[in-house]
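The structures considered in this document are given below.
Below, chain A partners chain B and then partners chain C, in two separate complexes.
Take a look at the complex of A and B:
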């Protein structure tokens, strides 16, 4: 199988962001946000978007001076060989841990909601084999598939949200600030790392057709996923009220089981295949990123050969928990809490070092010449 | 069921070890060692995380 080493355009890049980060509204992310923010979860998501804007903007600024480098290469350049590699290894470990926990959650969703009699290992195996195949095809194909399927996935999502808003009660989102403004801000601060993927996406920054597209795509993508997740968290509260919504592990899946479109009942069978396709794309992309990072650390140019190995490790780690609904939820909360300060701290530090080294001055000189 | 799991794990492990050997031949020794170590880990891992839970 030949790896396609081509670049992706802005459309594909935005589609990847929309499908990998936007899909978070369908797992336990809304429940984690409701825990502190209660019915003001949607405001909390908007705050998360605003807070994530600063590190993302600084990251873009750093990449503007290193247009042909990916995240790992920028780490090496800014922090030196030893510290740069150490940061990359830490990010890889946390990234693989997050991938394991996230895939475990998705297997739990499929196992508890749809294929109740199928063993988890079979579901895990099939899911990850498909994702490994997708990852091995390369970023260009992941991008093309994302762009091709984006309209269908988003239309079905908005149909689901439209009907949940229609059946919901507007009164459930009041009081607007939930328990208190402080709790809403606290929830945003604790969970800002739901957008940490924007940092990892830096690994494909040089693969986007131009830096202008990377910059534009990242900012459009951030706006898109913030609005989408915020709308979904508001819709779930309007449908169930926050007391029920925060007790549901996977509010999106309860929503599509609850709503009825005209005379059609059991509409989850309509939404489930589309959600499943988005899941395949999401984990294909994460496997690809993990392989790029591991390949960068070990100086392996043909990093795609690492994908089966990473997949196997993820499957056997993810299958371990006996009660995944509870354990994986707690683990995900912990990972988000650890990553939040790292996400807020690392890009500003990178920008500061680049500024001290005079990288931006060189960039201005290059541009003017 | 267990045989299928071990078979699949064994195949991926062999594939990765072969890749590790290729890396060794290409003079990327650190990469080769890490890949081979991870391959062995992937073969041992199911015993601690899955097979042990069956009994």
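Take a look at the complex of A and C:
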């Protein structure tokens, strides 16, 4: 095994993907999908996985010609200095907005479900400071912590899903096509950006030990999180039926409050810490990505020092909204809707420009020579 | 400088560790009053309800204190409030600790409140409250919930949380009360295609008609002598669209469970007319361990559903001394007569739901949903409206298990010889 400093292996890479994107099943992503697709949400998720496959494949193709560049550098190279920076800035703004909204939602989950009297500023502060510390340690540490904790987090998740499948009824996923076939496709099209993170993860593409690992890891990760989120959306419907599942703000947390494991009745306290750890890793990674992007745009070499700044911005933006649980939900929906077309079109565009510029030819020449 | 950094690091660590205790939400066990049951009754004034709290004393019967406390195992208070969320603070005028719903096991509603169209408004507070779980039981009482709670005095299991846990758990196993909870109530009210069954209980005894067969009772009708608790848990209250519309007996609750695709049954003991001697009744034990099979057809606008119910039956008594072990023909005859009898009972119940209740109580919409491609088609079909006119054919497939601990019995003639 190569021991390159500042690089991560395929295991760590897959673990990061599984924790950052897989954790989405535990926030309000399922509710957003149920809104259009109803009980066929799980089919929508599978469709999203299939749809996301195309831009991700093209993205990998682009990176195959630029193995030592990260996403920002590829933008600069393909679109020129001005346009490239502009796209990067846009992505950074949307990324930080998404990070703010997501972290706001997680704070809302913790605040409404578990720590009801603690002020949200304190929850927000503690959550983000821990994440900032994690992000500051760098990608290597985030990667190894993810890999180390992955089995525990996934085992507890699957125990929860297993018991909800056991207590639920398979009959609830029928009628198979939900509201209608069109609605299922619509839900998939609107929310394909739940996998937009794969684009952002391009920022650490050169940090994965080899390009082959990056390619393999991305595809395995995509399959894993698609299967996982699809299974979870089906499990919530089986437990609550579609009308109720749609009304729940955070189906995963209602599930762990509802299920009983043998004689143990209040099991949410068993699952909550594991979920919390996954949350820490998730936001550490996002903070790290934002810092890499900002560092790239401003040409700051030691971008780790930008993390406290971004953390503070996120905290202050995050606690600002009035009635957060309603506002953040609609904001998240809007962000997902804006990002979906961007996620579908940006990688093909990048691929097209790379093709026109003849980047892939160089590569084949290099390989054959 | 280095020392300064170490000090700074240490300060950060200590402050983070302090944050871990969650100071704002820290509550010691003895600072909380744990409500086990909430009783809800109507109040004359518009928009108000009577809330009764059944609060458990955690000290009683716990191993650590050796069960040696002089305090009562439970405390009951009733107050008039706008809902059962704010009543928590009002209750603190008499209760010294913070009222907590963390261990809430059941919500008891009096029949008169459950029959009000406004009932659903009150009960939805339970879906919004942070501490109430969706697995809470819903129980309908014949008298006022306040009276039920104060009359319910279990003799041996005096700790209320244990009493209700065992009482309801065992009742569900025997099938005399329905296996449902608050989540099912919300789910069925929201889907609006089946009827919901809630547990029915009372402490009021009814006199007369003690000559019915074993389980065809409502709560309060069973004649039990001796020194025991007055509360009886049997039968179900039927809810349509969140309003109580009627009630069914313990036997009907069992039949409903037999037809239900979501339930497996373990331990139903009941009696049947002995086919070989009409003076006696035969004790049997039922279980449904395989799934029912449903067949759905639409013929010229009319819905036809065939239900096949697989039953596993153990014969526990042999009052007419038939000696089944030696008599294959009699076993077949018994099977035949039981099939006819059970099918007759199931059909009678289905007819009742179609004509009286106008909706099914046994999740029949679930197998029906399978036949539709999209929810829109299913909604246009409108199961709740179609059910009363549907033709439902039930067939029972019986498999016999054991015939008691010993299968052989002496010949009657030889004993009396």
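Convention: the second predicted complex is superposed on the first by the 364 of 369 C-alpha atoms of A that agree within 3 Å, B and C clash if a C-alpha of one lies under 4 Å from a C-alpha of the other, contacts with A are read in each partner's own complex, and residues count from 1 in each chain.
Criterion: a residue touches a chain if its C-beta (ideal position, glycine included) is under 8 Å from a C-beta of that chain, and two chains touch if they have at least 3 such contacts.
Bear in mind that the values here come from a model prediction, so they are computed numbers and not experimental data.
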{"item": "A:194 touches, of chain B and chain C: first, second, both or neither?", "value": "neither"}
{"item": "Which superposed partner A:157 touches (first chain B, second chain C, both, neither)", "value": "neither"}
{"item": "Partner chain(s) touched by A:258 [first = chain B, second = chain C, both, neither]", "value": "second"}
{"item": "Which superposed partner A:60 touches (first chain B, second chain C, both, neither)", "value": "neither"}
{"item": "Which superposed partner A:320 touches (first chain B, second chain C, both, neither)", "value": "first"}
{"item": "Which superposed partner A:300 touches (first chain B, second chain C, both, neither)", "value": "first"}
{"item": "More chain A residues in contact [chain B versus chain C]", "value": "C"}
{"item": "Chain B versus chain C as contact partner of A:312, first or second or both or neither", "value": "first"}
{"item": "Overlapping contact positions on chain A, where the chain C interface meets the chain B interface", "value": "119"}
{"item": "Chain A - residues contacting chain B, complex", "value": "119, 121, 125, 298-300, 305-306, 308-309, 311-313, 316-317, 319-320, 322"}
{"item": "Footprint of chain A on chain B - complex, ascending", "value": "1, 5, 8-9, 12-13, 15-16, 19, 23, 28, 30-31, 34-35, 38-39, 41-42, 45-46, 48-50, 53"}
{"item": "Parts of chain C lying in touch with chain A, wherever the complex brings them together", "value": "16, 19, 22-25, 102, 130, 133-135, 183, 186-187, 190-191, 261-262, 363, 366-367, 369-370, 372-378"}
{"item": "Complex contacts: residues of chain A adjacent to chain C", "value": "38-39, 112-119, 122, 126, 129-130, 169, 171-172, 174-181, 240-244, 247, 254, 257-258, 260, 265-266"}
